[in-house]
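Both complexes shown next keep subunit A, but they swap its partner, so subunit B is in the first and subunit C is in the second.
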Partner chain A sequence: MHSKSDKKRYPIYFVIPAFIFYSIFIILPFGISFIMSFTDWNIERMYIPIFRGFDNYIAIFRNSVFIRSIFNTLLFAVATTILKTLFGLLLALALVKVSRLNNILRTIYYIPCALSPMIIGVIFTSILANDGLLNNVLSTLGFSAVAVNWLASYGTAMSSVILIEGWMWSGFNMFIFIAGIQAISKDYYESADIEGAPAWAQFKSITMPLLIPSFTIIITLNITGSLKVFDLIYVLTKGGPGFDTQVLSTFVYKAFGLGLLGQSSAASIVLSALVVCISFVLNRYLTKREVEL
Partner chain B sequence: MKKCKVSSVIKYIILLILAFVYLVPVIMMLLGSVKDPAQALQFDLSWPKAFHFENYQYVIENGNILRGYLNSATITFSATALTIIFGAFAGIIISRRSDKTGTALYYYFIFGLTMTLQTASTFALLKVLNLYGSRFAVISIYIGMRMPFTIMSFSSFIKGIPREIDEAAMIDGCKPFGMITQVLMPILKPITVANIVITAISCWNDFMIPLFYLGSGKKWTVTLAVYNFFGMFSRNWNYVFAVLTLTVLPIVIMFLFLQKYIVSGMTAGAIKG
Partner chain C sequence: MNSKMLKKVFTVVCIISLVGSLAGCGKATKTTTDTEKTSSTEAKSTVEDSSSETKKEVTVTALLQQSRNYPGLQKMIDKLKADENIIVDLQIVPDDQYNNLLQMQINSGEAPDLIDYNLPAIYGLIDPETYLADLSDEAWVENLVNPSIVTHKDGKVYGFPFQASSGVSGIVYNKQVFEDNDIAIPTTEEEFNAVCDTLLAKGITPLLLPSDNWVPQIWMSIGEGLAAGSVEKAREIADALLTHKKEFTDYPELIKVVDTYLGMFDKGYFNQDYLTVSYDACLERLAKGEGAMLFGSAGILSAVEGAFPDAKVSLFNPPFDYNTNDALVSGLFSIGFCASKNSPKLDTVKRIFDLWSTPEYMNMWFEGNAGFPSFPDVDGGDMNDDVVALYNEYSAEGKIVGEMNNYLNDIQPLYKTTLWVYYLDAPSKGITGEELLATFQKDVNEYMKEKQVEGF
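This part shows the complex of A and B:
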């Protein structure tokens, strides 16, 4: 209806700068990656790659380190998302009332996520090292038997990284949940009080269902964000011990560092496909639940 | 009533212990930054035997931190300013145009939300464009990466603003450019502030892009300088703690001052998205 005056009022050339930067630096590399992942592209013959079909994909899927990275990436994404969501919700419920003490506590819990994961990684190497803070505390408390080099074995290294990521981002989720809880009308709780519903029942049948939109945002953001994790793993474990804590982003970087550009591209295409599929399915599933309410 | 009080006391005791656990890394860092090397290596929360403030002097002289600050500031400022300008214009136009071009562009940009960095091909592209190792390359990648989110948040925010405002502005003789900069942008201030905060924090903290594409030491950002410093001085933790303090403290201070905007910005950005 408006379309003729629209064109004059909203000229398309205002979109051009955004379009250029996004197309050249994001979409074009994606296209190049996709094409080059079917070639033997490497650092020595950067400009004359030869078509090799699915060779790179076959090679990486036969590589046990790659399979391990996929597993670790998924484990990291699922575990951290559950951790951050539950912990964020608990903090939100504890601190939803406005008071001076609550505000100070909120700030303390929120600060880690304004810091660089790289900085956090360096700080935590001093906590988790063999003679680090954690082991010092443990031995002062008389638990020196459980003190280990936390980053030296798969189980403890992976759990440490997961817990640190949870520590970083729970405060962020807390704020989204607080905003969600504050948006729920007080009337529901008042009428529930009149009918004598206990606090737990109120939480289960009022707070939780009405928080589903917040869950949608938090789960989608956290899953897609943590599938791309790089800094924390790179700084804390370098993918080690051995290749045990390698995730897809570090695998991509490693292959790139070795000059295997084709394999690196194939791996990053796999990562992209994973992120696209998971966020699509999640969005479908979660928004469906919202509509049903 | 009494039971309620007891449980809330217990709740706050737990929350305060938790807050202490949250602060332990920061406390250790602050104390460690003024210890002598031997005491810093003990990694504990003991009070420094003597205050070695010269640790900071040493770090500033040898760590390239000031140059890192300057580089980070240049990159963050340019990337943020351009992201907001390009993103705001694109978001407004895309959302307001009710034709096929608008919709197609919207989905084209939204697709980028799921995009991951293509390490190898971005490297090759920068080589071909002769941009590898330049600040401009890093800035451009940030702009590209931030476009989907910025455009999405602007276009969803502007849907809540009646078109009549645009029409009135045009009747008053505004050109499209004036209508956006003088009429719409002031109304869009909340989402603009939110985007500035999110973009600036994510560029300042980023480590991956400079690590991959910034080559020489002269252009290193502060995160890269700190990482390198950590690699070189990993046995002198007093210096490492000092360098970490120098990078963490400004962000924490800025955070405390701008807290209101940052929190509402980061969460509003997420919710609008």
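This part shows the complex of A and C:
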């Protein structure tokens, strides 16, 4: 016979491996980074960092590239989340009905998010090059005037990166929305049909409110993922032209490249704080609006 | 076939394709590794069979930049394994991560036995006295063609060089384009501008510039060396800058170098897609005559000639007004290896250097990689005649100066992340030479302060 306290402890045993793993690889490095962000730790003084208070934070916030990186990160996160959510919802509404063609189309739309961002980046670097596929197509169609060097100026470079990210992840969101739509009971729509409610009213009053849990998942996942963007920016623009499309992750990478580990840690703490705060606030806001099915 | 069956078949095909492709990826790597292991084991056993009584297998570790993994070096390593039973365990690192990884390994006491680097530059990156083995008493040191390139300011030699020099730096040009358009090599800035105007009128891009910021920086590094005019003056400027007795903007000649480069954009001499086009694409344009000139060093000639055997390329000295002393820039650049001071295999490493200093080994390094060897009997391969003539002419007159970057080693980690980016960014933002250097000076001040350098 097992005692009551054994039964209470039993689930904890299952948590221990995950807790140890999470602590060693997430909590401990984060804690060390947090402490080191207040020191003059750099690659030449690996073992003798000296406490310097908020100097690193003051230094990065005085750096115009860092401020620009914060702006770009927020712009990227907001714009891509809107795009991915919107495209994902539209795709889900279009492909929610089960048919052979829809199954094939769902797979096609999902493929981009199964590819490595590095590969996507390399492909789009060629497509968006001055003499790349996009400009050739535009010229063939008689739109030479619109054909520009897409990655050579801030506006077009940032827009291109945002659109590519939106294209990549819409398929993923589509699946979450499809699952959400399929979970809505048909009874609601049948009642609405009997009442003579048009399709738009059904969408507005039934589908949308009951899809809020899906929105919560999608927006939270997309915002947190986009705030941490690195690979796509690094491959497509390398943060350029100049420092125009730098985001927080590329800034951290650059600081690390200079061997300024204290500053690099401070920048990553700012990034983490940003991700945690935004995710927390958003999650709280969206969860409150969720409707019980 | 009914639809259920069709679905099943489709699902099975998808799964097989997915698993196949994933396994393919894994297998490709594994196969390579296995092959390497097999060949390594085979080679090992062969050596052990033939000479195990006399030569015990020793493995040394080496850190190598990806771009320096030349076929010639691989041959030298293979020969070491076959003849001496010495295995060089190479850790190949992408160039842009090399400095960090090297410094991290050194500072954590895990330095490899062999360290690849541009030898004059490594003395600015790490403290040689603390971390590198003193090789001054090795027999091969006496045979060095240009010992000064590896001699630290304390008079000791801490590295084994392959090259006596990287050759000359200047403007690489397509000879065929010049001949076809009856263009002579310009000797003044005015003539240079006239050449560019002629080329522009004929639809040829006069100057090629890739998005890889190595090219604009070499333009400036050469220019600043020429503007300094002599080794002594270049060193004097560098010392003043690195001790903060002066700032970049205190030198009008340095500002002029940047302004001359920026002025070329205003005149439309550069390719318009310089912010996105790759370095390789620029080399191709140069070889095909779509572009006429590119700033760089003699090494580019062999790269172009290797990739495009029909291309006729050569190099001339930049004829800009700031080159008041009519000097020629030769990069204080010599690829080589250092030995870690605390390496437990230091004797083996020294033995490797002994062997590599012989023509039998070092000739391999220059196969397909022509250059100026650091030892007299080594065959450096077929160098471009114009380059050799240029080098001999200026060296006879004692008018050779190094690239300015060579004298400013201490701030080299800043180059790629800041200064070189400014060079590419400045033209589209209308930044002047003075503004650009003032911005960079701020970066230098912060960086040197962070490094706790006196004077900052």
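Everything that follows uses one rule, which is that the second predicted complex is superposed on the first by the 275 of 293 C-alpha atoms of A that agree within 3 Å, B and C clash if a C-alpha of one lies under 4 Å from a C-alpha of the other, contacts with A are read in each partner's own complex, and residues count from 1 in each chain.
Assume contacts are C-beta pairs under 8 Å (C-beta built on N, C-alpha and C of every residue); 3 or more make two chains touch, one makes a residue touch a chain.
Bear in mind that the values here come from a model prediction, so they are computed numbers and not experimental data.
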{"item": "First, second, both or neither for A:Ala147, with subunit B first and subunit C second", "value": "neither"}
{"item": "Partner chain in contact with A:Ile181 - subunit B first, subunit C second, else both or neither", "value": "neither"}
{"item": "First (subunit B), second (subunit C), both or neither touched by A:Met46", "value": "both"}
{"item": "When both partners are placed on the shared chain, which of subunit B and subunit C touches more of subunit A", "value": "B"}
{"item": "Subunit B versus subunit C as contact partner of A:Leu282, first or second or both or neither", "value": "neither"}
{"item": "Subunit B versus subunit C as contact partner of A:Lys228, first or second or both or neither", "value": "first"}
{"item": "Which superposed partner A:Ala192 touches (first subunit B, second subunit C, both, neither)", "value": "neither"}
{"item": "Touched partner set for A:Val252, first subunit B, second subunit C, both or neither", "value": "first"}
{"item": "Partner chain(s) touched by A:Asn130 [first = subunit B, second = subunit C, both, neither]", "value": "second"}
{"item": "Subunit B and subunit C footprints on subunit A, overlapping residues", "value": "46, 129, 131, 256"}
{"item": "Complex contact set, residues of subunit A against subunit C", "value": "40, 42-44, 46-47, 59, 100, 125, 128-131, 149, 151-153, 240-243, 254, 256-260, 263"}
{"item": "In the complex, subunit A residues that touch subunit B", "value": "1-3, 6-12, 14-15, 17-19, 21-22, 24-30, 32-33, 36, 41, 46, 94-95, 101, 105, 107-120, 122-124, 126-127, 129, 131-133, 136, 167, 172, 175-176, 179, 214, 217, 221, 224, 227-228, 230-231, 234-235, 249, 252-253, 255-256, 261-262, 264-265, 268, 271-272, 275-276, 279"}
{"item": "Complex interface listing, subunit B residues touching subunit A", "value": "11-12, 15-16, 18-19, 22-25, 28-29, 32, 41-45, 82, 85-87, 89-90, 92-94, 96-99, 101, 105, 109, 112-125, 127, 140-141, 143-145, 147-148, 151, 163, 166, 170, 176-177, 179-180, 201, 204-208, 212, 223, 226-227, 230, 237, 240-241, 244, 247-248, 251-252, 255-256, 259, 262-263, 266-267, 270-271, 273"}
{"item": "Contact footprint of subunit A on subunit C as seen in their complex", "value": "3, 96-97, 99-100, 103-104, 107-108, 211, 272-273, 275-277, 413-414, 416-417, 421-422, 424-425, 428-429, 446-447, 450-451"}
